[in-house]
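Next up: some structures, all given as structure tokens.
The following pair of complexes shares a single chain, chain A, combined with chain B in the former and chain C in the latter.
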Partner chain A sequence: MKDQPNTTSAGGALALPVPALIANAWRNPGLLLTLGLMVVVGLWPVVTRQEALRETIFTIMLSVALASSLNIMLGYTGYINFGNVVFFGLGGYVGMYLLGTYGASLWVAMLAGGVASGLLALLLGKAILRLRGSYFALATLGVSEVMRTFIGNFSPFGGPTGISLNFRVFAAYGGAKQALWLTYYVLVGLALLVVGVSYLIKISKFGLGLMANREDEDAAEVMGVITPNAKTWAYIASAIVPGMVGALVFFRKTVIEPDPAFDLQSSIETLVTVMLGGRGTVLGPVLGAAGYQGLRGFLMTNPFFQNIQLSVAGVLLLLIVLFIPLGAVGWLRARFLRLRRLLP
Partner chain B sequence: MILQARDVSKTFGGLQALSKVSFEVPQGQILGLIGPNGAGKTTLFNCLNGVYPPTEGRVTFRGQDITGKKPYDVARMGMARTHQIVRPLNELTVRENVMVGACYGHERHGLREAARIADEVLEFVGLGERADQLASSLNVAQKKRLEMARALGARPILLLLDEVLAGLNASEVGGMVETVRKIRDQGVTIIMIEHLMHALMNVSDYVIVLDYGRLIASGTPAEVTNDPKVIEAYLGDPKMAESLMEESREESGVRSQESEVGK
Partner chain C sequence: MGNALIVALIDGLLIGSVYGIAAMGLTLIWGVMSVINLAHGAIIALGMFGTYLLFSSLGLNPYVALPLVAGVGLVAGMLIYWTAIHRILNGPTLSALLATFAINMIIIGLGTAQFSTSMYNVNFNLGSVEQPVLMQWSRIIAALVAITLAVGLQFFLHRTRPGKYIRAVSNNRDAADLMGIPSSRVLALSFGLGTMLAAVAGVLIATITPFTILGGTTYQLKSFVIGVMGGLGNPIGALVGGLILGVLESTFSVFMPNTWVPVLEFMLFVLILVVRPSGLFGGER
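Showing the complex of A and B:
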């Protein structure tokens, strides 16, 4: 699971000595392959200048960013977050609010979205991280639904009609066409960032504490892991990028409404993506995203499955949990021990 | 005194699990904690290391009041413990299991140093070759050694051992007892819960006896084995009573031999 214990800690609560970790990360072939694969796939529509392909890859990269973030809570910490879309939606709303009401730049909007989601995770964490297992999962679900309803009635955020931006907002970025390309690059960048951070967490002392917590929370406490703090930091870390990405995605659409912003289906699909690819691995969410989005593309165009997509996701999740709980990458790592360095 | 417990009591709803238990442990001592099943020994450990707070009473560790402190705070002060039913971190390797102890114990090492300590400790308990295996792949006896290694990885000042000898055969018991002595020789204070009387009496400097949550006797191994209250407590369990009787006979026999040879 861990490639090699090869970093020293500067001490402190987080114990993430970033320069040392980054220096070591570069030596991992699996990480380089993963990032390289993402870069190649990300550049493919750029090189061919195909807009339809760009949109497809955009959806996959979005899924990678959300799944990798969720993996920090689900895979490393072992806490199942059924309401993970709440960070995406809140980030989107905060971003759109700043864009629409204050004419803020996209960068400010994204930053604000990330900060807002991080704060939500901090506050929420205080309330619900003390719950274990299914209770936590249900609580996150509850939070997501409450948020959807609340924002749907919150007039500064447009109530049930949401917020919409005038197309003029793209002018600052060179027009709509340019803006679509620009936001695509930013998303690919964020996806790469989150995968990199996911790896850094995994090889750090902080990550070790999280995984100890996942395996046996009480035993971890007895060994000295300050579980409430570790879980809170993990929760915040899993919220920031979805918040930023939310602002980005809805900027592109120029409109945000409560139901699409806090769509339960998105939470479930992100969950399936992580489980399919391999929870607790770095490559898993990436492959899971590609695999699931491919499946989804097929389902949406197939007349039989069109309307029962969510059921298919549900059945898939059930099958994964029953038969390959470690997911594709997890199964490969367990089966072919020598491939572990290539499959982070 | 490394540890002092004063009038520690614990109730669970209507059940009085511990009643005004008081004792002290000086530095470097091996304290044996015995009592029939259900006497409250593990409950006492749980109150000492913070798994749950005592309902009444105070616990002082290294001069500081730790009553009701969380397990991670107590661990960071230098107390480590093993569990009666082992709790390995299954999907982590054996080495990683011990590293958690080294990283989050009171010495708070970084990963590189923790890995080095882990390898040392694993050698010490005899799991050196299995360092890269997943914890879930070990058998029960190996998991028990892993449990001990994890506690040792934190380089504790006080080590609470909960039935480390359970399920071991005669020669393994001898080996483990030697290991416990070696740990004490490194300066670690130990409190051990044990049912194997001859082993416990052999290695302990001092013994305290619990029955129905009360401290009924304390003293040197010889004193305790001959204490009628202790024998009576175990009479409900005839095998225990017999081994205690045997123990007291052996003790007087062994001690006179040892004093002749010279320790």
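Showing the complex of A and C:
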């Protein structure tokens, strides 16, 4: 990420240049612990060569990547994005279109997916980021529905039937079996990248501006944060990786359809993941992803809860919102002040 | 073409008034406590299935069932308020959104376990009027009920003491408290009224079309569109917005494939939010 142009220049110059920020980040035990934990979990199925375990970890890492991206908007900037799945879906569609129609490689598809999502965030940001609070949340919900219904009618993207790939695309990556492993490595890499970048944003001046914006937008503006630019960059930052991940995930599934690609439910699950772990923290979305996916897996396989798993999840969500609004990491940070360095 | 347009227009007005009722519930809650009730669709679905159960097990006429379901909706709303909303009313916006969404998950989860997601139908046919244009009786009655309720709500809010309490609390909760108005109870009542309207909308929809347990979501999204069109917090605006949306929907579908209608609907929604967040008729209550 450090080769990229300085994405914060519009929100005010960084207090420290990016290399210095990275050097600082290296010295934070909490971040190293988080990343180390993710690497260990990520390598676990590689060492044991268990494919079922790999699929479980894949779901968790996917959730980490999406939740950490959303956290930049929701946790740092304080804007509720109900349509975060839009970036995932659009990236998926752009990627699949290139893969299917032009026979592009996965890397090109992922890059294009990320760029498309980033551009969408830029355009959307200009339009709807002027809205605040619930109005912004409603607008994102509307955008999500516009995308879903529009793509369902958009014939280059296959309309309601979507795009499907022939299994032969996997041949270029050493066959289906190898391709599944490859996509797994890439996803783990992306999840690590998002968590790292999320930390860098948090300790940068740009991140400070975002958090000031979250606490009081007008005050932040008075203090010199150029809030429209800062918000737009945060929105873009939260869009790029979901776009890349979308291309990756649907390549793996070989099929994309409008309803699963722009599923409001999955937007909200990502929100719940961030809330569960602790919004505005770096570790929160990681723990939230593990916790939520673990719980989901348990409920879906448990014979008693199987039928009412949605309700049980609802009860849990309600309890979290009512009693632990800061999420697990936020609660720990507030409760044990000494642990703060370990819980970024 | 001309005749098809007139039929579409009338149909749009009739169904639009039902949309309006659903949206009035949503916008009432928003206006009083600035909470977007994401459980609205689930309550609409409860209204549908309440009608279905009363009809299929007790053979109750849906229009007799209507007050019963409305009462259940009122009580359910007050329960939701006390369990999920009251504690977090002064918290961040996200808390209220997620709390109501949690309620939505609970209701939909139980409903899906009970009814699965297959299509249900209240098998109750009143026939239709042939002249001057074809209109189904169920739609005419639904529109009449909707308009009566809208007028009734307006009367309640402006002419009765609890209604005036509601308006006072939505205007300024602290001042209302100082005047001796029990604001928490008034908020619970408002939430109950909002969900009651949702449940009634569910009953009326159940008499018109077949439905699934997930069917409320569509109407919830329409309620958002209408609420924003009419100005969030403005009940009469919601009714007018409902009529407009109904007419737009039915006339659009004369001119273009059905699948494009929701695209335009939601584009309109985002556009209005961006250009005129206070609604087409201004945000005044």
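Note that the second predicted complex is superposed on the first by the 311 of 344 C-alpha atoms of A that agree within 3 Å, B and C clash if a C-alpha of one lies under 4 Å from a C-alpha of the other, contacts with A are read in each partner's own complex, and residues count from 1 in each chain.
Operating definition for what follows: contacts are C-beta pairs under 8 Å (C-beta built on N, C-alpha and C of every residue); 3 or more make two chains touch, one makes a residue touch a chain.
None of these values were measured; they are calculated from a predicted model.
S.K.: Which holds for A:G133: it touches chain B only (first), chain C only (second), both, or neither?
M.R.: The second partner, chain C, only.
S.K.: Just chain B (first), just chain C (second), both, or neither: which does A:V39 touch?
M.R.: So A:V39 meets neither chain B nor chain C here.
S.K.: Per the contact definition in the header, classify A:G224: touching chain B only (first), chain C only (second), both, or neither.
M.R.: first
S.K.: For A:K205, using the defined touch cut-off, is the partner it touches chain B, chain C, both, or neither? Pick first, second, both or neither.
M.R.: A:K205 sits against chain B, while chain C stays out of touch.
S.K.: Scan A:V146 for contacts with chain B and chain C and give back first, second, both or neither.
M.R.: second
S.K.: May I ask you to decide whether A:E215 touches chain B, chain C, both, or neither, giving the answer as first, second, both or neither?
M.R.: After superposition on chain A, A:E215 lies in contact with chain B alone.
S.K.: A:A171 in the overlay: touching chain B, chain C, both, or neither? Say first, second, both or neither.
M.R.: neither
S.K.: Common interface residues of chain A with chain B and chain C?
M.R.: In the superposed arrangement, which is not itself an observed complex, chain A uses no residue for both chain B and chain C.
S.K.: Tell me, which parts of chain A touch chain C in their complex?
M.R.: Within the complex, chain A contacts chain C at residues 74, 78, 80, 82, 127-128, 130-131, 133-135, 137-139, 141-143, 145-146, 149-150, 152-153, 160, 268, 271-272, 275, 279, 307-315, 317-318, 321-322, 325.
S.K.: Given the complex with chain A, which residues does chain B contribute to the contact?
M.R.: 49, 51, 70-72, 75-76, 80-81, 83, 87-93, 95-96, 99-101, 103-106, 108-115, 150, 154
S.K.: Residues of chain A touching chain B in their complex?
M.R.: Counting only chain A, the residues touching chain B are 1-2, 5-11, 15, 17, 204-205, 208-209, 211-212, 214-216, 218-227, 280.
S.K.: Using the touch definition from the top, list the residues of chain C that touch chain A in their complex.
M.R.: 30, 34, 36, 83-84, 87-88, 91-95, 97-99, 101-110, 112-113, 221, 224-225, 228, 257, 259-260, 262-263, 266-267, 269-270, 273-274, 277
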